[in-house]
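Two complexes come next, and they have one chain in common, chain A, joined by chain B in the first and chain C in the second.
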Partner chain A sequence: MSSKRHSTAPPPPKPPTQFSSTSSLIIADAASLIGTHLISLSSNTIIHPRTKLISTYAPITVGSNCILSERATIGLQSEPSEGLSQGVVIADYVVVEVGARVEAKSVGEGCIIEVNSKIGKGAVLGKHCKIGPMCVVAENEELADYTVVYGNGMQRVDRSGVEHLKFKMIARQVDVLRKLIPGNLPKFINRT
Partner chain B sequence: MSRKPAKGEYIETDTGNKVSRRSQIIGTTNIILGGKTVIQAEVIIRGDLLRTSSSVPDGGKQSNPVAVAIGRYCIFSRGCELRPPGKMYKGTFSHYPLKIADHVFIGPGSIIEAALVGSHVSIGANCVIGKFTIIKDYVRILGGTVVPPNIVIPSFSVVAGRPGRVVGEIAEGEVEGFDLRELYRSVGNNT
Partner chain C sequence: MANFTPYTYFQCPCADSVLPTRNISSDSPSAASGTSDQDERTFDPRAPRSNYSLYPLEHLLYCEDCHQIRCPRCVLDEIVTHYCPNCLFEVPNSIVKSEGTRCTRSCFQCPICIAPLSVSAVEPQPEGHGVADTAHVGQYVLNCAYCLWSSKDIGVYFDKPNAISAQLARIKNGGGQVITPRDRRKDREGRTREASMGPSLDDDGVQEDDGPKLDPNEVLDPEGQFSNLKSFYQSQIAEASPTSALGFTGGDYGYGSPGALSRIMGIYTGGTFADKKVKSKKANFREARDALEGLQIVDLASDADAIKKLQENRWQGTTSLEQRAEQLSEAPFVSDLRPLAYVLRTKRSKRCKTCRHILSKPESKVQTTRFRIRLVALNYIPAITIRPLQPLAPTQRSLLTPRKAVQFLLTFKNPLFENVKVSIATPAHTPGRFKSKVTVLCPQFEVGANTDAWEEALREGGKGAGGEKRRTKAEAHEGQNQAEAGQVWEQGRNWVSVVVEVIPPSIRMDAPDFVKTEEHKNDEGPLREDEDVVEIPAFVRVEWEADAAQDDDTGNLASMREKDGREKRELAYWCVLGLGRIARE
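Our next item is the complex of A and B:
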């Protein structure tokens, strides 16, 4: 017996979206895109169920071949200060794992943001950074390319030079996830 | 709370599983519950992340593929997540099944990407269990631990810290506290 209760509040308005390609982008049905600013997503990006993209305060731009996992929250959660009007910009080949909270000004190509980590508002991550599980990047902090944040806020630079392998792995992972996760793109299309 | 009073929070299955209506279970056909397992609200189980390495199933079996296998008397507290781990192997990317044995307690907010969790394992709150970790029997993982990927935790260990290390052993007398039957009975619609 599924007697649907009608909530008294109207559903929140859909945020304006811009998708560069509608065939290769996967947004799971249970993902939530909310807010009023533009959310633009590029090709081959996978958005898992229960991922939150919040554009209430500023726009969100996500590059191609990104994987945004469940419970991750992308987007500013408070009023942007000066110089943050472009919102959160995520480059290509970025993996955001479960429960991470990303309010960064920009996330460079090939970054891996692991489980439950937090990237503060206005932070800038260089290319190929890796943020370990439950690690925190402070507000407005800038990380150079290849920085690894691990343990209790320790940092080191990893120049092992395996970026092409990582790209290959992410591309394969995207291919696999595209088969596994049923996308529901039409639900999220809202051109303005 | 405007919940309907007639329906309780938990759905009880024939095999005694108590599954919260507010849990978020994806890919139910690929999940095996051994029975008498409690799944609380806001638990995410990713049954959709299946093995894809070979398009032909092992030995040509026609049975359902398994992404998450759970034994008896397991308790998954509010907001934890079970996610089959994935890796590259021989040039292809695939997820691998997550197996959980009996009497496993998982604390609130913990994220489990292990390959195997043995019997009588207790995982505290807000832990992160890395990909392809193997946890043997009678292990206690304290709250807030980050267990690194690919490690094997031997039986009767106590693990804590970031990164998680074995910090102690479980004495023989302590084994009693791992039985979850009492806890299973205490969860339900009447309480």
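Our next item is the complex of A and C:
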């Protein structure tokens, strides 16, 4: 379909990017990185096709061993208010599932952001949080470590202590995805 | 206001049979006239009773033997199978009776969010060699994939990944052992033997009693307390009256026994033979003394504990109302929650209450959704669909303008393989405080049989289906919008559309007196819920010829036998047509 309808407009300018390692990072060809601010990604992170990283308003920082799934949208979608100039910061071992919208100020280590959930602008997620499918975290909301948001906005604290297991699982998933998803890193390299 | 979808509800005739009971207390002449009026009276869809007799066509069944519509009120349900909705295991009746209506395998729901729980190992399965040496006790937990709750949170671990239900029954929250009813019974028997044999044979009793020694001051869970109390009072009854009412001896006959039941019934019916005996033996009951007999002394310290716990765990540590409602026993704190075994579902067959014939019977196999017998009304009586004659513009609100005639199309679709004659009767004015004027332009018509669509087309030889009468868009535009009286509007192979014209009333409460109806003058109350909906009661009579059934003439009032094995059938029923909401002025 895309081959039939070529846009006559010039392609949007590539955002400046900064990759910590070019060998272990996978960005699918169909992923879109747009905007004008810096997008920095770390090693072992997987970016699926059709994932959107929007740095139009503020920079995006993603840690290592993260999985950003299809149709997930990362980055602020409106002008940042005061104190949000560092943009979206995602720590290590974070899984952002299909269709999720992340505008958080920071997402802590080991968080799982489930399908079609929304993280409002300026929200702060602690470590090892889980945001359930279709759940919404309000703007500027702060979640403590180990919080699970589920159902109709209900919350609980999960103290099961299986974080190291989850890390192992994510590392394994990353290994598999690296084989499955053909990366096209050079397309996105744009050093400033 | 939300969009209004037109609806049709059918009245089940079973409601009529109970109607006249109200008039019994009043004097006889008026009661007699009252009952005769019942048949003549227009059905009022807004009467409080009507709520219970109106159903959408899809909810109704049809009894082929009584030739009547059957609603959920006039059928008997019979359980065909019990099954677990999670594992789809068919649970035999005997197990349902002994174990209750919950899944006894490994199907559990999360007590926090009711998602299904799965069993998983605490330690990840070691890869490759060295599998044997990691087998240690308490390897498995129940895990909720949705909210991440696990049975670890309540300190429950399992040895095996299967038969979780049986394992869970033996583990308390926190990991302690539950004393099973069997152990309790053993212990009790041991004690009674000790007591009867005297202290000299003490060590013998100890030898037999190999179960856990029970503490007279233990804190019992509700189940344990109940079983202790029950056995205690059973033994008391047995001691107090060695021979029960029916001459049976022994303590096995508690309050649930037939003998005890007949005795209790005797009390109310002023019974005869059993009472005196019982009364003469004035039972001398002892009350329960300790935990082994089911006595639980309220411990004030437990309240203090609860308050302390509340202070420590705060709001997060307490359970919500829904979570408590699901639990079998009191669970004020998250740490008291237990995994919920799935409640079994049933497949039911339905029987006609009058003739006891089966109307609906599902396949007993859980995996199939087919039915062996399914006599739904949808296959027997014409379905009625409503749509406005003049299609509304998308911008237009779908409300009816007061005092402005509006026409609706009623489409009757015949499910039968015979032609049916349909006649509709509606009152000129709808009942209630605000009366709409109703005119059915073609109250009598015939609907074609539900024959094979292709058969018809082939027979006509491509000339187009016979009797088909469709209005094209162009026709509708050229002033053909006016429906003629006595003519059907459109018709097809097995359907006919007729026009009904409605003049909705004004629903102003402050209207001048001469506009108001009698009912409105008598009742000046504010507008009630849905009183602004135009609901038309319509009496539909369907007549058709069918092949005569073999077992006819028995209680079949509506059929008249004819010579050639054909018989006339008729079915008549009230239905309610909900057309639309009237706009407020």
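Throughout what follows, the second predicted complex is superposed on the first by the 186 of 192 C-alpha atoms of A that agree within 3 Å, B and C clash if a C-alpha of one lies under 4 Å from a C-alpha of the other, contacts with A are read in each partner's own complex, and residues count from 1 in each chain.
The working rule: a residue touches a chain if its C-beta (ideal position, glycine included) is under 8 Å from a C-beta of that chain, and two chains touch if they have at least 3 such contacts.
Everything numeric in this text was worked out from a predicted model, so none of it was measured.
When both complexes are superposed on chain A, chain B and chain C end up sitting side by side without clashing. When the two complexes are overlaid on their common chain A, residue A:175 makes contact with chain B while staying clear of chain C. Of the two partner chains, chain C is the only one touched by A:130; chain B is not. For chain A, the partner touching the most residues, choosing from chain B and chain C, is B. Once the two complexes are laid on top of each other via chain A, the angle at chain A between chain B and chain C, using C-alpha centres, comes to 40°, given in steps of 10. Look at A:157: by the touch rule set out above, it reaches chain C but stays clear of chain B. When the two structures are aligned on the shared chain, A:98 is found in touch with chain B, with no touch to chain C. Looking at the shared chain after the overlay, A:148 reaches chain C, while chain B stays out of its contact range.
After overlaying the two complexes on the shared chain, residue contacts for A:49 are found with chain B alone; chain C is out of touch. The overlay of the two complexes leaves chain B and chain C separated by a minimum Cα distance of 6 Å. Across the superposed pair, chain B and chain C both touch chain A at residues 132, 150-151.
Note for the complex: chain C touches chain A at residues 112-113, 124, 146-150, 152-153, 316, 334. Chain A contributes residues 130, 132, 148, 150-151, 154, 156-160, 165, 168 to its touches with chain C in the complex.
Against chain A, in their complex, chain B makes its touches with residues 24, 26, 44, 46, 48-50, 52, 81, 83, 86, 88, 92-95, 111, 113, 126, 128, 130, 144, 146, 162-163. Those residues of chain A that touch chain B in the shared complex are 30, 49-50, 70-71, 98-99, 115-116, 132-134, 150-152, 169, 172-173, 175-176, 179-181.
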